[in-house]
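Consider the two complexes below, in which chain A is the common component and chain B and chain C are the respective partners.
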Partner chain A sequence: MVERLSFYLERNSPLHRLNPTTKLVVAFTLILVAFLGRGLFLPSLIFLLILAPLSFLGQVGREFLRTTLNLLLPLFAFLFVMQSLFYPGGKTVLFGFWIFAVKLEGVRFAFLTATRVLVMVSSFLLLLLTTHPGVLLLDLTQRGLPASVAYILASTLQIIPQMQAKAATILDAQRSRGLDTSGSLGRRIRALLPLVGPLVFGSLVDVEERAIAIEARGFRSSRPKTSLVEIEDRPLERALRWLCLLAFILALGSHLWP
Partner chain B sequence: MKLVDSIKKDFNTMTLVLIPVAIAINVVIGQIVVLLRLPVYLDSIGTVLVGAICGPWAGALTGTLSNIIWGLLIDPNAFPWFPVALFIGFVSGWCAHFGLFRTWWGVVITGFLVAITAALVSTPIAVYLYGGITASGSSFITAFLLQTGRDLVSAVLSTNFLVEPVDKIATALLAYAIIRGLSRRYLMRFPRAENVTPKKA
Partner chain C sequence: MAVIVIKNLTYTYPTMDHPALREVSLEVEAGEFVAIIGPNGAGKSTLCYTLAGFVPHFFKGELQGDVYVAGQDIRHVRLEDWVLKVGLVFQNPFNQISGAKFTVYEEIAFGLENIGVPREEMKRRVEEVMALTGIADLADRSPYALSGGQQQRVALASILVMQPEVLVLDEPTSQLDPIGSREVFQVIRQLAHQGVTIVMAEHKVEWIAQYADRVIALAEGEIIASGQPAEVLTDPRLPEYGIGISRYTAVARQAAEEGLWPPHQRLPVTLEEAAAGFRAIEETDYARLR
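Now for the complex of A and B:
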């Protein structure tokens, strides 16, 4: 089970000081450019020349590379084996063994897909490593994200660790009473209900009380709310976000160009 | 404006407080299932639950935010799949609206309809983003179908049609079991309680 609250690592770096929305916009732009742009090596260049250096600028380089590898290595291994063998329309056989044949088209396709997914996952990861989820939510709320959506996300981030702790307790308790969680498939299916039942009903009981508590504190008030924390947004970052829009339009153009 | 008003009615304070718990249920049960090494996901029980007792829009929001949270906490690979979760909540909400959450066989039908929707929505995502092969074990079926000469879209679609129903019917039945276990008084606090309680004569 996951023990940490999020990927966030506290550091004092220029990347951490950037406005969260700027980082979000940059992440989305890199992903869209990687998927829309042309060229076999475009996504891998985005990763090597933009994302990887940025992660070291943000002083999270090692964690960035390690987590990316952990998240994606199994997928990539699978992807390369499957696509190089089974890519439809593959003609150029690189080498063959037994009944299998590795085809060039498949390898190319696997490489492109893998590096695109790499850009997608790693740019989100870089955002999450350098941005506190609470600050990101606060900034988005101040830019017009409905307060109820922000409440749901923030509240979920707090509830999940509590519930994981509860689940661990229930798991220990049921195991000590002899619940088999590692036997045959039938036994493992039967183990599901004694674990899920207490967890779910226990958590649902709190809902009513919490609803009354937040209603009593003006949760439903439609007046604008003030905030204790000010989030910096420099003109330079606004320019950077416009630049991102431009990059997106260029990528889209190159994608649609015949 | 009738639609907007009816959507607003679905999002009362109880709904807004239930959604975080439902998302947490999705995540934690999803992890328990991984721990027990069961051949299903069961990571949308909370979404179906919210869809049934708070309406399709609340269900759709739960599904979407669920994937965002999964991406934030566990694996950013979850982000692009949010439309699937959105439709799971949305479809189960409509099924409950038309009375399919009053009987167990109605719930099985719901699970089946949710599975078909999930298969249809996830196919383009799997094809365009991952080239059809994702990290899940069901990709072996896709690869097999590709070998038999099928094109990519139909191979991924058939795989999803094979895999999804078991997972989604089990999900819907578990959500139903949870609703059955809750008291009438508790359920009445939610905007669509009439979906899951017997019709008044």
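Now for the complex of A and C:
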């Protein structure tokens, strides 16, 4: 059972070497600026001039663009069709066909929304592509995130493939004893019901054992914790994070300015 | 000096009517390797959990009698720190993977991070224990992408690395093939020689016969036999209680009924003993024929 647990791609790039918190702060700042800042082209410029070049600096450019497009193209298509045709208050008709009319206001709104979503999704994607989830959580723990919260996040990442494997096993076991999982939709849904019991109760039993296991490894030990991995944090990065705060304040200011 | 002293221990789980352990009394010396055998539901796991402090601190329930480990009353220890003294490895290797770590190396280091071991010492201990348990080549793999047997070794290594005084193992070889089981028994034997006290619940009587210092047989929460492996494992009552016996004992018992086992010689538990017994009877047969 080898499953890919995260988006992370191992590379030796300056972006990978950056402190995870710095990347997290930059990602949040870019998103906030894209949503708060003024200007129709601001979010698209953030993507083209900052995020896309960064992804190539991080040596994950191809994966970055492909995954972004795969995730967002269907949404964008839907957004443009709906908004350009049905945006309330649209007056400037660009062109019309049959009973429909494409309006400029709708297209502008769709473009702004789409590029904002693009910045949001792609900056997180870039963070995840270049940051190992374990390192990110470790860094956050060292900055005061409770160890139990970090544990919940890390184990959730790992538990999904496990649950899928378990569900497949239970389903196979039931099929091999004659459960019919094909046919009409209603029938398929009914066939899923017997899966729920074993999956949920089995998982609850697992939780108890898992609790014993991490207790046995001193998880709640009263001694101060140490960590195997050392995470770098250079003064330059600290400066960059302050810069991000400044950018956020500026964007907020421009948003609130009448 | 006895590291583990149990006197008249009776314990009932919160939701159960009947006690899981009844009037259990037991002493284990430092560096002794004690194996516990018994059918499913005999109380083996409960005894393991008690030594590790999970009974009564995790499972609650009612505990009567006395349990002292390393001079401390188990009822008055803090579970979160007790785990440094008594290490627990249990049956299902899958659920012993912490889930917090992404490689085997980090997984084994997890316990040391929690108890605040400095980084350099941590690396040294992790590498040592991976070599000892034969998993050095798995260091960079995901702990979830391993076979059951490999996971079981990782689980064992993750506890060994914490260097507990007492090591409690609840069927640690359930997922291992014969070669893997022997390696685990050898590692554990070696630890016992180094002074670690071992209590292991296990079904594989052939290995117990070879490696354990003492065997305790449990049935329905009570100790029904205790003593040298050769003595306990050939106890004629074991099958009545649903406890498996060594195939060598089984064969020799059948042979004895047919008069093919040297009279007055104890039944064998290992291949060597069985071979010696059959050789002896063969020689006397030849002697008679001549």
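As a working rule, the second predicted complex is superposed on the first by the 236 of 258 C-alpha atoms of A that agree within 3 Å, B and C clash if a C-alpha of one lies under 4 Å from a C-alpha of the other, contacts with A are read in each partner's own complex, and residues count from 1 in each chain.
Just so it is clear, contacts are C-beta pairs under 8 Å (C-beta built on N, C-alpha and C of every residue); 3 or more make two chains touch, one makes a residue touch a chain.
Note that the structure is predicted; figures quoted are calculated from it, not measured.
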{"item": "Chain B versus chain C as contact partner of A:L128, first or second or both or neither", "value": "first"}
{"item": "First, second, both or neither for A:R220, with chain B first and chain C second", "value": "both"}
{"item": "Partner chain in contact with A:R210 - chain B first, chain C second, else both or neither", "value": "both"}
{"item": "Partner chain in contact with A:S155 - chain B first, chain C second, else both or neither", "value": "both"}
{"item": "Touching partner for A:E10 - first (chain B), second (chain C), both, neither", "value": "neither"}
{"item": "Contacts of A:E232 with chain B and chain C, given as first, second, both or neither", "value": "neither"}
{"item": "Greater chain A contact set [chain C / chain B]", "value": "B"}
{"item": "Common interface positions of chain A, toward chain B and toward chain C", "value": "1-2, 5, 133, 151, 155, 159, 206, 210-211, 214-215, 219-220"}
{"item": "Chain A-touching residues of chain B, taken from the complex the two chains share", "value": "11, 13-14, 16-21, 23-25, 27-29, 31-33, 35-39, 61, 65, 68-69, 71-77, 79-80, 129-131, 133-135, 139, 143, 146-147, 151-152, 174, 178, 181-182, 186, 189"}
{"item": "Contacting residues of chain C [partner chain A, same complex]", "value": "52, 54, 58, 78-81, 83-84, 87-88, 90, 92, 95-102, 105-106, 109-119, 122-123, 126, 142, 144-145, 155, 158-159, 162"}
{"item": "Complex interface listing, chain A residues touching chain C", "value": "1-3, 5, 132-134, 150-151, 154-155, 158-159, 161-162, 206, 209-230"}
{"item": "Interface residues, chain A side, partner chain B - complex", "value": "1-2, 5-7, 35, 71, 74-75, 78-79, 82-83, 85-86, 88, 109-110, 113, 116-117, 120-121, 124-125, 128, 133, 148-149, 151-153, 155-157, 159-160, 163-164, 167, 171, 181, 185, 188-189, 191-192, 195-197, 199-201, 203-204, 206-208, 210-211, 214-215, 219-220"}
